[in-house]
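So the structure is just underneath, and the comments pick up after that.
Here the chain labels run A, B, C, D, E and F in written order, and each chain numbers its own residues starting at 1.
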């Protein structure tokens, strides 16, 4: 056994693992439309697979919980199949994961998030739960740890959902959920008010995704590739593993 | 495509599927100790795999949601690795699944449950949500649909958790999570008050699982087999598929 | 004083009683239609009177709280007069009873339930509160403790609500709420989908009571009698008193 | 039948009653210490019996729900046997009563309250529920409707709990819960800060009842009598019946 | 610095102040219509300014928190601009103020309330929070501490909202929010059912303010004056300061 | 009247204003330590004053609500005087503001936020409330609209709390809360784990402010000035006013 994935371990194995592992990694996904070319479990698959790679890399310092298969996705509800949790439900779910594992002795948590819509509720969850349970919590939207690759390799004006970045990640992490013959560019509504402020650096506007794109994706998926996915994921793995090294050894 | 598994489908595929599918199957599992011989994701794996088989059998009348990977398992919290949701969290999660899919036109739900501790909260969820959202909801602890096989093939006085029945199901549905070389009988505390009333037909007593068993399992796992698993699962599939046939055609 | 009924005692009397009584009995009823022949307080009256008999039989080991006069009865809401608590309200009410009495030193609770619709929320309440308040909780739908009599004396295909069993109980416990001149059989909708699955041993379907019966009752009330009521209640009293004996002496 | 008490009626009888009755009376009590001389169900018994008399007087314009057997009594928790609801629980319970009866066509509610500690939460409940359910709600601490008698007949400096007023009411409404041989004056802590501000007309101070009295009652119970009880109750009945006349005929 | 107003102090200044100050004053206002002649912040301004005067008078025994700028005002929602908190929100807000300051060592709280609609929820908040956080809480609708002046100086049959009393207070405390050229009498609906019971001493009826007045005020504002305001406020200051003296020195 | 500030207006004035104003500006502050040199109401004062300037600039298109005087500040709780709302309370408060004003016809909301700790809960509030109430919501941490000035004028490695930026804003907006004679640099804990990740662009770590600074501030307040404040505020006003122009005219 080279990685500690809790749902795949028995309780005596977990008991043993907790002698070295001090951090619980919680993969946080979503069930949400990703255009014509990625299946809706995209974020859950990416969170789960990325966490597994991270667990291998950081063995034996971390354990991985079951994946949170649902996220906060109200902006995608106009597309069939999307399931969105209320923020309260999402936070309660994370609370129960944290409080349960605290009882088993874990005091450090890293939420590995694959979906932008989860970021604000994750922020609320982290701030609240760390203090309520007297534990340390960190969270990352993991592709944010791949800044160099993204700035060098991607030049679409708008990207970040079912785009070349995400297709590449999927081709590397979970190729079965990509419809390779259907990959296409985002069919954008260029004049949309929401699109204008989507990337604003000072104001955030609530919008529905179908205000800005007709097919549900943005960017240019045709530029995605396994190779780009590998670069993105490996850079993120390196940076987050480095953080984990630091996080596991600090004693606040 | 022979079965409709929502996280593995794109939104246009789901849109198409909803033309024939009228029932959403929701696999409901748990992260919970199952002795020395089954990994803790046992109930989630069984719920997921059983639901997939059911979806094939009932194609194209049902769709399957992502698996609920966590259940209500406070009675197992004394064993490392168990994660237990508060009933409120569990019900809220099911509510968001139901309310989201209702928005996409689904009005019938079948919760496929693999964990006894989920039954009471599922009952509350079903009664509440069916009326709140004006939908039809049914739920089953799926092995209950295998009464004939169980009464004929199993003779342990106490069984129902990490026992010959559950090991057999796993060998058939998810063999990778069984530790075949570690299978053993339940190490029961024969005099426990909790054990005496565990199977009472008139009174229910709240207890912790380690009151009744030291290794976390009950029954006699050494009697489990792939063949027994096949019989259990196939009988349950037949009975539940028959119910689905009825459920999908009724119009209340 | 031969029984300890808390609303009928002063605080110094209660203080004295708690020197021997270690179990709080909580009678749990409902306000809910029971056909043309039983008044709607049926379940509350039965829970209250049964608990009083039990308190006499188990004197001085138990005290009885005021009756919970409302239950979870959404399936009866189509009949005038039914009042249904949301499960959250019902559980909160039980929580406050438990937490208050815990402050007075009581650590064992037995919920005496008279209404099937309360069972799932009672299960959730028991599991949650026992752990939250570090107390022992058991619960029983008390007629379940009368299995022998029921299997020997009742032969209606469907029974369990405003039927010969319940009329008999009322004639024994609270005859004033029976309209003897109006007793009749259930006017069943024989083809109802809900009726088909009402007694399923593997799937539970949410339904409204008026889907299965037009007059609100099932079974054959005309077969009810004081004598049958006496048998049912006495068997249940014996079995539950025996449990109380065990429950009061165990020290987990 | 001269009064409409819902738990004592069948659904067809209730259906008939609702042709003339437009107001639901909800008796609101408490389980709470009342000194050495009144049993703890005092407020519940008074609320129930007063409501029944009112229902007779106002027949056929009102129906009476089952009694709310628990109130908000944290200030009495230091005395054995008291059970106190959290205000949230109390309000939720009233909400479910109101929302259920609204479904049966009732649009006017009068809460008949017997316990001062319920007044603030009843105020919150009334204001909230009237608007949430678009119904009319009024509430009364019913002895407040007996101002003339009280000002003429009672001269204790402090009264209002297990005092001559309350004993008199009990002797008239529910004599069985009075311990006549144990009636005594309040054993007051004359210097208590809480006592000084208990009757302030401008500031309300949170206190525990045992700060101000050692035996749990105040006033001078020895001055209570059946005759005084009759005067108090009859004046209150007259005034509240007059209000009901007005309330039932107004159409806002 | 002659008064301790927390939002106007730095943390080292507050640290110093807490050496002598043992009571936190919390000004509680509302955003709510007050007729043609007072701006809607009326209650917030009055609560804030009164608290500041009180803090000067009771220096250095009290600190003043930021003002609660919103209250519970559903009965005024038919007039533009009114903002009403749900009671749960209002109580939660007070809870967070209390629990935060408890962490800084404060154990006594006095809510200075300027709005009648806040009284019931304040009562619930005080009773609940005092016990939950083991602190002492008192609350006052501060004009209630001016009984002598009010009974001597005001003779309108109905007063208490945007009337001569409130205009006078504003002229003394916050003259900028009075529209002196628009002061007028309440334009009452004399026959309203709500008006009849508005001042009942035994029954409380839920009503909307526009049922009883067309312009939003009652009483006779033209009789208001700075001088009357001074009398009202000074009497209230004297009485409440006296209570504070007592409250700060008591040690329960 | 050149700006519409709701607490300073009567209901007929507000009724008139709502003929032209379509956006409600909600100033969102905090009560929170800001070192030795700024009073704790800093964020509330800045939010309020900035909103007033914005209201003048955008007259007559916007109205301003009363200020939210408390924010989400758990990370500052180790410094005396800080009051922190739970995120649920904070969101509930915003919900009641939005739902109340929606009833008066307002359908567009702009939250003007002055405190970084409010950002995640504001994000949750905006996403949730916009959909629940079918309104448009945008929110800004207003200094983010001053990017040019900040990048040109500020060169401290760490800034953002009680630093030169914030002191400058205060000197411009609310000079009375600055202790000019006490301005000092942040007394940083250079080796703190929390400090290392405070500005991470990929991982967020929950920390307490006193982990990173001993005096409660960061940056170099001595570089602050009225002139810098003017530049910051004017740039932000220009950018946000431009957004308001767009927001008020769009019709989604």
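Simple rule for what comes next: a contact is a pair of C-beta atoms (placed from the backbone, for glycine too) under 8 Å apart; a residue touches a chain by one contact, two chains touch by 3 or more.
Note that the structure is predicted; figures quoted are calculated from it, not measured.
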Touching subunit C and also subunit F, the following chains: none
Whole-Å gap between the CA centroids of subunit A and subunit D: 56
Separation of mean Cα positions, subunit F and subunit E [Å, integer]: 27
For subunit A paired with subunit C, centre-to-centre distance based on mean C-alpha positions, whole Å: 48
Numbers and ranges of subunit A residues touching at least 2 other chains: 86, 88
Category of the chain touch graph - line, ring, star, complete, other: ring
Interface residues, subunit A side, partner subunit B - complex: 6-12, 14-15, 18, 31, 33-41, 44-45, 65-70, 77, 79-86, 88-89, 92-93, 95-97, 100-101, 103-104, 176-177, 179, 182, 216
Subunit E residues touching subunit D - in the complex, by the definition given at the top: 72, 74-75, 86-88, 117, 119-124, 126-128, 130-131, 136-142, 144-145, 147, 193-194, 196-197, 200-206, 211, 236, 239-240, 243, 246-247, 250, 252
